[in-house]
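What follows is a pair of complexes built around chain A, which joins chain B in one and chain C in the other.
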Partner chain A sequence: MGVLLENFSTVTFSQVAMWIIGAVLIFLAIKKEMEPSLLLPMGFGAILINLPNSGAQHIIDVMFRVGIDNEFGELMPLILFIGIGAMIDFTPLLTNPKLMLFGAAAQFGIFFTLCLASLLGFDLKDAASIGIIGAADGPTAIAVSMELGSKYIGAIMVAAYSYMALVPLVQPPIIKLCTTKKERLIRMDNTAGKAPSKLTKILFPIVVTIIVGLVAPDAVALIGFLMFGNLIRECGVLNSLSETAQKVLANLVTIFLGITIAARMRAEEFLTVDTLLIIALGLFAFIFDTFAGVMLAKFMNLFSKKKINPMIGAAGISAFPMSARVVHKMGLEEDNQNFLLMHSIGVNVSGQIASVIAGGLILTFFR
Partner chain B sequence: MNITPQLLGIFTDIYGSYDAMNIQRALLIALVGFITVIVVLACIALFIKFIAFIFAVIEKKNEKKVSTVITPIEHHSSPAQTSDVTLPETESQGELELIGVDEPTAAILMALVSYKTNIPLNRLAFRSIKLVEDE
Partner chain C sequence: MFTIDFQAFLDALPYMGKGMLGIFVVTAVIVLVVSALNNIPEKKDKKNND
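Now for the complex of A and B:
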């Protein structure tokens, strides 16, 4: 009997706090439908790992070592990239390649936050790992922070996925702050540009991999797996593989990743001042990503005859397709005939590529 | 009053690792990294433009091989229809001679001409659409 009750006496306040955090994540996933596929496993995992003498600790640690932290690199995030690549349709971007620049501008938050975290005293590698929250891309954040050996991976993951889920709350006020009503009313031509040929769609992932690989060799794994997934989708002869990558593979890895991240959510590691700082810095990263994307659009409007609705610049963060939807919805709120989805999706997918390149560059700089 | 040193001092107390070299390096990495991302994406955008240009050239060459002759006549003064009822912008009426062209192809061609010339279909009259084979 004493053995059965022993566990009750070993429960600590910090463990209870982690259960509450886990419950909040599960609540956000179910009730608010915020990134449920990740927040729910992470929330449950946080409870699982923080039970006193939890028998799950060992197995979650093993899963972490197998899937994320092993001698072969970050296996699971990379495999997830195949699924993500297979899900992305680059047509809007190929129709209007100019949108690429917005994706690049919206990575400003990563580099700004890197400097800010460094200024706050974080070690450079940790600062870079925190900055990558601004990529708004979970697998990239996991891959980079693991590769750099950051000890804050739990907090970084929670911040990255939470803010991705909170895009509809974080971005609109920033966009409104940076734009005038007149700018938000700018209509964009939805008929501009010619649909890309099949050959272009096939060449695109190959050429992107080569270009990025030459500039940032450490980004090859990230961009290569993403583009491989896209090639499977676009080649037209591997439909069943493409479907498997989009659904079964992506779902399997997502379940695995979500619960495995909990290995870095132990109370003694997670409940620190650093975690609060990292969460605050993550918010900064998202804010400055949004700000930079919008500002680039405004800057381009100074020289362009065809005006760009600056709101689409905000979709350059790679929270796909949430950010594009937010911008489209804001456009409709201002003018119910202003359809920005085609453009915002184009910017959004360019953000996906840009965030992977930024992640790869950071790896290149710190290796 | 510059409070930065005091603020940094607080963080130094917390972390004990404030390092000016770190910040300089972070700034340099941020600058180089951000510029590189922009340059790489600009290169990819240029590549897409280049591919699109090549396809446009190839398409033009193909168009020359088998071309159709269309003779749109725009009536600026009065609509194409003769009746008093004004037709919707997407509709038209009248006689059209098709030579070697089927109806769906003719419909597509008329829609294309309307779109490219920005003249609504109810203001365009087509006398004939004829298939011309290259010699």
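Now for the complex of A and C:
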């Protein structure tokens, strides 16, 4: 009997705290449906790794080294990018390429948070890894923070995925604060522009990879895998591969990735003041992303005859498609005939490209 | 670890400038290229012409 109870005496308060955190993540995933595909495995992994003398610790460490932290690079996030690329339809963006500028502006939160994290005493590489929470893109955040050797990857992932799930709560108040009712009522032309040709859709992923690769070589893996997935989708002759990438591949990697991140959620590493600071800084990143996207639209309205509803600028963060839906819903709340979805989806997918460019630039600066 | 390091904040500011400039330059180039791609005339489907 003594042998059976021996392990109980080794339970620590901090381990119990991590079980509670794991349970909260599982609750949010199931009850609130917040990014369930990642928060659930992360929550369960947090419990697994924090059981005293857990036999799962070694295997999760091995999975972490194989999939994320190995000499060949961040394998799993990059493979996941193939699936994400295959899921994205860039048509709204190709129809109106100027929308990409909002995606660029909405990366401001990344760099401003980098500065704030430096102010709070984090070294530059950790500050950059924390700033990348503002990319609102899990694989980019994992790839960049691992490449920079940040020890805070557990906290960064929890913050990134939590705020991505909380976009419907985080963005609306910021958008309302930055805009007037008159601006929110601006109607935009919904007549579909000239649809992009098949050739354009095929050339787009190739051209973007070359352009980004020439400017930020460290981003080639990130943008290249994303665009490879998109090329599979758009080429028209690999429908079976495209479907596999979108569903089976993405799902498999997501399961593996979520539970593997738990390797960096050990109580002694996770329960620190730094984690709280990182979670707070992550919120700032999302707030300033939203702010910058809206402000660029307002700025463009100063010179443009065709007014832009500034709310669509907020969709420039990479959280797809939540952010686009939030903007569309807010437009309908102000005026039930104001349909912003087409524009906000275009801005939202541009945010996905821009967040990868931002990640690549950060790697170029700090690696 | 909670410390306020204003000098570190100032040192990080140039990265913000360079980062945002870099994103806008790359984005502007992509916008121009996509606009050019959109102007490539589409090859007409032969079957439809028959």
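FYI, the second predicted complex is superposed on the first by the 366 of 367 C-alpha atoms of A that agree within 3 Å, B and C clash if a C-alpha of one lies under 4 Å from a C-alpha of the other, contacts with A are read in each partner's own complex, and residues count from 1 in each chain.
Assume contacts are C-beta pairs under 8 Å (C-beta built on N, C-alpha and C of every residue); 3 or more make two chains touch, one makes a residue touch a chain.
Everything quoted here is computed from the prediction, not taken from an experiment.
Colleague: Once the structures are superposed on A, label A:Leu120 by its partner contacts, choosing first (chain B), second (chain C), both or neither.
Modeller: A:Leu120: touches chain B and chain C.
Colleague: So, does A:Phe111 touch the first partner chain B, the second partner chain C, both, or neither?
Modeller: both
Colleague: Across the two complexes, what residues of chain A are contacted by chain B and by chain C?
Modeller: Shared contact residues on chain A (touching chain B in one complex, chain C in the other): 93-94, 97-98, 100-101, 103-105, 107-108, 110-112, 114-115, 118-121, 124, 127-128, 194, 196-197, 199-200, 203-204, 207-208, 211-212, 215-216, 273, 350, 353-354, 357-358, 361-362, 365.
Colleague: Applying the document's contact rule, which stretches of chain B touch chain A when the two form their complex?
Modeller: 8, 11-12, 14-18, 22-23, 25-27, 29-34, 36-49, 51-52, 55-56
Colleague: So in the complex, which bits of chain A are touching chain C?
Modeller: Per the stated touch rule, the residues are 93-94, 97-98, 100-101, 103-105, 107-108, 110-112, 114-116, 118-121, 124, 127-128, 194, 196-197, 199-200, 203-204, 207-208, 211-212, 215-216, 273-274, 277, 350, 353-354, 357-358, 361-362, 365.
Colleague: For the complex, which residues does chain A have touching chain B?
Modeller: 93-94, 97-98, 100-101, 103-105, 107-108, 110-112, 114-115, 117-124, 127-128, 194, 196-197, 199-200, 203-204, 207-208, 211-212, 215-216, 273, 350, 353-354, 357-358, 361-362, 365
Colleague: Please name which positions on chain C make contact with chain A in the complex.
Modeller: 1-6, 8-9, 11-13, 15-16, 18-20, 22-31, 33-35, 37-38, 40, 42-43
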